[in-house]
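Every chain is named by a letter (A, B, C, D, E and F) in the order it is written, and numbering of its residues begins at 1.
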Amino acid sequence: MLNLNVLEDSKMAKRESSFTNMVVTLVLVTGIAAAALGFVYDFTKGPIEVAKLKAQTEAIKTVLPEFDELGESMVLSPGEGQDSLEFFPAYKNGELVGTAIKTYTKSGFSGFISIMAGIDKDGNFSGYSVLEHAETPGLGSKMDVWFSNPEKPNQYVIGKNPETTKFSVSKDGGDIDAITASTISSRAFLDALNRAYSTYKDNKTTGDSGQ
Amino acid sequence: MNYLVIVIGAILVNNIVLMQFLGICPFLGVSKKVSTGIGMTGAVAFVMILATIVTYLIQNYVLEKFGLGFLQTIAFILVIASLVQMVEIILKKVSPPLYQALGIFLPLITTNCAILGVAILTVQNEFNLLEGVIFSTSHAIGFGLALIIFAGIREHLDLQDVPKGLKGTPIALITAGILAMAFMGFSGLV
Amino acid sequence: MLKTFKIGGVHPPENKLSKDKKIEVLPLPKTVFIPVAQHIGAPATPVVKKGDEVKVGQVIAQSSSFVSTNIHSSVSGKVTKVDFSADSSGYPKQGIFITVEGDEWVEGIDRSEDLVKEISVDGPEIVKKIQEAGIVGLGGATFPTHVKLVPPKGMKAEVLLINGVECEPYLTSDHRLMLEKADEIMVGIQLLMKAMGVDKAVIGIENNKPDAIKLLNEKCADYNGVSVQALKVQYPQGGEKQLINAVTGKEVPSGALPIAVGAVVSNVGTAFAVYEAIQKNKPLFERVVTVTGKGVEKPSNFMVRVGTATSELIEAAGGLPENTGKIISGGPMMGRAIASLDVPVTKGTSGLLLMQEEESKREEIQACIRCSRCTSVCPMGLEPYLLMTLGEKQIFERAENERIMDCIECGSCSYTCPSSRPLLDYIRFGKGKVGAMIRSRKK
Amino acid sequence: MSITVVYTIVTLAVIGAAAAVILYFVAQKFKVIEDPRIDDVDEALPGANCGGCGFAGCRAFAEACVKASELGDLNCPVGGNETMSNVASILGLEAVKKDPRVAYIRCNGTCDHRPKTSSFDGATTCAIASSVYSGESGCQFGCLGYGDCFDACDFDAIVMHPETGIPEIIDDKCVACGACVDACPKDLIELRKKMPKNRKVVVSCRNQDKGGVARKACSVACIGCSKCFKECPFDAITMENNLAYIDSDKCKLCRKCVAVCPTGAIIEENFPPRKVKPEEKKETEPVN
Amino acid sequence: MSKLLTVSPSPHVHSSESTQKIMLRVVYAMIPAMIWGIYMFGLDAVRVGLISVLSCLAIEFLIQKYVMKVKPSLTDGSALITGVLLAFNVPVSLPWWIIIIGAIAAMGVGKLSFGGLGSNVFNPALVGRVFLLISFPVQMTSWPVTRMMDVDAVSAATPLAIIKEGIKNGIPVSQLQGLPNLSDMAIGFNHGSMGEISALLLVLGGLYMLWKKVITWQTPVSILLTVLVVSGIFWMINPEMYVNPVYHIFTGGLMLGAIFMATDMVTSPMTGKGQLIYGFGIGLITISIRMFGAYPEGISFAILIMNAFVPLINMYVKPKRFGGQ
Amino acid sequence: MNQWKNFSKGFLKENPVFVLLLGMCPTLGVTSSAINGLGMGLATTFVLLMSNIVVSLVKSAIPEKVRIPAFIVIIATFVTIVQLTMQAFVPALYKSLGLFIPLIVVNCIVLGRAEAFASKNNVGSSAIDGLGIGLGFTFALVLLGGIREILGSGKIFNITIYPENYVTLVFVLAPGAFIVLGYLIALINRMKKN
């Protein structure tokens, strides 16, 4: 009984569903909502940019030796028909200490993987950071630590470069041990590094001459 | 070949219900009988494709154009909600039999993650319109496949003596879990 | 290749213990209880009362409608009461109690053993006499025979099938009858053919009765249009739909009567009763009953007066064995277990099977393992495991769609089920409910 | 105000307005006449269209409510009880107030009253046993004891007495839903008016056989002697088919009939013990 | 009369068949393959087998007795089969605790949650196996060496794993290293799980079960034929990339699955026609996973997936009714 | 109405996940770890709370026919606010919740509460209702996420409990979500009975 009264009351108070009422209300509601959103957007736009940038610089920091200045980023293509990579040269005291390369592969167990890889001035990998992946937790997802474990030289990629080390999994005759039960992810990971390296090398010569 | 990848990926490998957890409510709620499952599938397919097309256009010709990407959620849901309601009203009047077969499921679909989810995924994957349509069609088929298999199992289980505490939703969820396990066998197909 | 029906079937151990025992005439009992409902259809109305004197063959209860039939006294003596007493169903049924005095027969019954071959009556008259003589199907269903002989409008009988299959284990009454009364049966068949207006009759006999097949085959030479069809041993070949399928290859459609494929099926005992009724003027008041069982001292075939108590038959077969657990009226596959020895023999009693205690307990019910054996043995192509569950969960609409009403209650499914599930129990229950549902819909 | 905010407002407002206008006209043009109560119920529902009720959305649920004669199985999980009671009041489906009733089992044929004459070995449900034969005793009307009523009761109000093999009703749990009445193939269960303190005077027998037969089958059978019928000062007892029946609406619990019944077929329950002949009182307290 | 007569509905006789007998016959049929497994892997095979069988029995008993509170039904023999088949399906090097987890998944999740024998939708042993495969991919894919191998090696690749690697790396079939030849594989000089290595002994068990009418021919034959035909088509298109169809038949768990696991009557269709559809589906999914999927072997997944279709198949594929429609 | 009862009902008696079985997608989709469950739960709670408040404020100004679209717009607004805020301040969590944040808008609980409760009650009760239900949802998500995380990765809130070699991986994957939730609901059904 009581409930019914409540219902009745609220009904009484409600506005009539006439055409104008409806349209006006909807326009008003959406308008106010939009205004609110617009302000929030404006307010968060800055922080979002900052957060994005911060994530990127953090990643670059972890993959390169110490540096004090980041150079202008470049977008370079690894080859015909492939999506291009982003290069971030880093300098210390005006001298190039290494380049961070945002590289990727599409052959992960669950497709796309994006990796920030660092190559020092000698052309060796100085570090990597997995930015984005959808690999299985507990399997492929272990790549963020697997290849940077100094205790396991056979999986360690840091300080090595594809000129001297065969950057493919041992199952395929390479020098790097794959993540247990995740050969696919490991291959993909190495594919991303190889892509970074070869693009780096291709552009090193051209880049140098351009300087 | 690219299209085949989208199709198999959406139906089997990344099945929308079993692997991506979208549209679980109708999957659990409307799967008690095979016949209802079939009706629901038809309705979902219809709305999913339609919604993907419309939201694709909104995204590419309105939101992107004015740099309003953050309005995606609100714009999509508004469009989908009105679209579904409109289709329902029209169907009821124009073809009562079709309304009986599909239309009654339409309201259920507005608040179904699958529709909005697929619309957003289409945008995220940067598909073109044709790919988007194939993508959403395949997802709808994947949804229907899971739903109809599941309805069959539930009709079967209705006749079995499932332990009291597990009757109903719990055993349905466990069944869905085993089904998801089985579907993992398709991983890597694309 | 021997013929048999196309779908399903089982082959339980035959155990025909009494197949070489000649039919003996059972001595007259002291009292009889003759139920007024011994047939499918409306019960007959008693026309005698307490104290009346009756003779053998006298009508004591009158047919009350078309699908009903007369009941005749099987003894002579005095009516002691008209009251209720349990029959084989376990429920009290109305019947007439008579104390036997002498053996005085009604005028006009030809009690000689001579074969009367010439047929002197025409079709309609045969039907009429069959009706008056109270003849019902003796194959077990006890359906009034005169009804069967008149096809519904628009249908035409083409062939008469005589059911000499006797596929039930243990039972031998039809077998013995065929061996001992072959000529009488042949004349009975001629009479039935004439009544139906067909010129073809086939006697179906399973291959485990080679002597009967041989004998009747020889007799066929003397009788026009009659032939014998030997059949592979397979239960439930005696079911009329299965017999028709085995002999003619035709399938009676779901829910239809045999006449829909132009066939009428009658038991050999029925044919013999027809012979006696028309040629000897003797109504149906006695029949052959097999008394058998593993523990029975003298498995026998008796000619028994209707109304005789079960205990008398057992006594004549050597008495009730100590470890009897169950007594079945009929065969082990379709018979009814009876709860008391006072149950009388009726027109439909083809045998009494005494089962020993250890045979009579059912095995423990286990879960259905969906082995589909029940499905594959079902002669009607049904899915017993499903029908049972639908009965158990009372989902009767679906049971109807799954054609539960087609079940002929042959029991092959329960017999076969490795998990000893009481399939037929539940199916019968479901049939009852679905039948009621269908009837109420028709109203 | 930045330009984005302006765009935002304009875009959304346009989408909103367009949606509203189009919907309004479509709704006008394609109007379908329906039972107006469906709209009322629909409005009372949350409109979440979640399918939690098992129907295809709120409106389908509303239609089901309007069609249903009782809201028992219909429930909206989002709205909960509150919503459902609103729906009930819209549809005028509130439970009609009835005299409280309680189930009673009209058979007292326990093992010591009713000798067994055969033993049953088949599917253990009353429905099936009754379709085969009359029961394990000489009484064809009595309880079979396989507990179909027990299975049917959703409220745990029936227990099968382990010794007598006959079901007993726990009065306080019984909600008089009648499920057991429908389940019993022997028609033994009746919903009777609930008396003060759960007191009862009942003919606990359904045997319609003649006296002798009935007595032979069961020592506490009603033999149709009519003594109670003659005794009752309130005309609460009727005789039919050799069987007495006490109408619970007329019975005033005077217990005169109990005293005259020669077989003890009439049972009194929950009365204080009588001063005389205390041994006649039956132990009928429900176990458990 | 001293005792009461029993009354019961017809029929009053019962065949000599029983569930126990059927289940035992399956166990008999598995014995040759079991002996071969023990011969090839030694005591480890016994260890895995015992742990698996005992834990399956124990779990069924404990759950039925203490959780479901029903009479335990160990004697029907179905838990025994599940135990043996689970052991048949895993590497014999599997640690004991993983086997027990597998048994819990098989019996608890796969069987008893649905109500126990006969109610389950999915094949319990396979629920157990796939559960383990997904949960412990490392342990579940390291295959110990058999007595036929040089003692130095610690693990061996199954033929299917070698083939899968070949496909992934684009190595032609003729250059694949370490593939046993066909006759070795049929007899059982081969790597893999204890129960799957000897195709011929499995076929022998299957013939025994066919003879004893424990299984019907439809399921195994349709699975094998489908695999043969589909892989045959691919082989004919490109024999360098796809292996010989006969090789497919004899390798991996196909025989074990087709003969012992797909035929589980609880989880397969009721009619012959249904079983043909079911077998076709299993064959098709198996070969698709083998050729294009991430896993080298697909029969387990294929059977589970088709298990899910069984209710639908049973609903729409009915036996031939007497008297037509 | 008793405000405490109003608030606490969401935890067990009317728990949206375990009892009402609503909002199943995020429940299953994001609960591979307790922290994800917590994040998703709190995000949803915020939206529930705010939309309940706003709806109960404007309820009488909205004509009957457009109430659903209007409510959806209100909810979507708060969802977008959550989206933007998370992107700005907890980008890592935002990333791991992915698609499911925008999908809060179609979570039946949110619209359901707005309609069933907020549109009929005053601001105070509506806020308490929203908070209660939201926290009940959060509780369920954290419970589910915690169980899955412990079983599937040997951790809870990222703190290792036992070595990774012993984890049962399936629990952090899709099937594990279904199975754990199934048994949880069964358990809760049983607890409710007793």
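Methods note: contacts are C-beta pairs under 8 Å (C-beta built on N, C-alpha and C of every residue); 3 or more make two chains touch, one makes a residue touch a chain.
In this text, all values refer to a predicted model and were calculated from it rather than measured experimentally.
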{"item": "Given chain B and chain D, the chains that contact each of them", "value": "A, C, E, F"}
{"item": "Distance from chain F to chain B - Cα centre to Cα centre, in angstrom", "value": "21"}
{"item": "Separation of mean Cα positions, chain F and chain C [Å, integer]", "value": "70"}
{"item": "Euclidean distance of C-alpha centroids - chain C vs chain D, Å", "value": "43"}
{"item": "Rounded Å distance between chain A and chain D, as computed from the means of their C-alpha atoms", "value": "65"}
{"item": "Contacts with 2+ other chains: residues of chain E", "value": "5-9, 109, 118-119, 131, 134, 137, 294"}
{"item": "Multi-partner residues of chain F (each touching 2 or more other chains)", "value": "21-22, 64-66, 68-69, 73, 76-77, 80, 84, 108, 111, 167, 169-170, 173, 175, 179"}
{"item": "Touching two or more other chains - residue numbers and ranges from chain C", "value": "90, 337, 339-340, 360-362, 422, 425, 428"}
{"item": "Chains touching one another, given as label pairs in label order", "value": "A-B, A-D, A-E, A-F, B-C, B-D, B-E, B-F, C-D, C-E, D-E, D-F, E-F"}
{"item": "Chain B residues within the chain A interface of the complex", "value": "70-71, 74, 78, 187-188"}
{"item": "Of chain B, residues touching chain D in the complex", "value": "25-26, 29-30, 32, 36, 39-40, 58, 62-63, 66-68, 71, 74-75, 78-79, 81-82, 85-86, 89-90, 92-94, 104-108, 110-111"}
{"item": "Footprint of chain A on chain F - complex, ascending", "value": "32, 58-66, 69-70, 73-74, 76-77, 80-81, 84-85, 87-89, 91, 95, 119-121, 152-153, 164, 167, 169, 172-173"}
{"item": "Sites on chain E touched by chain A in the complex", "value": "137-138, 141, 165, 169, 294"}
{"item": "In the complex with chain C, residue positions of chain B that touch it", "value": "158-159"}
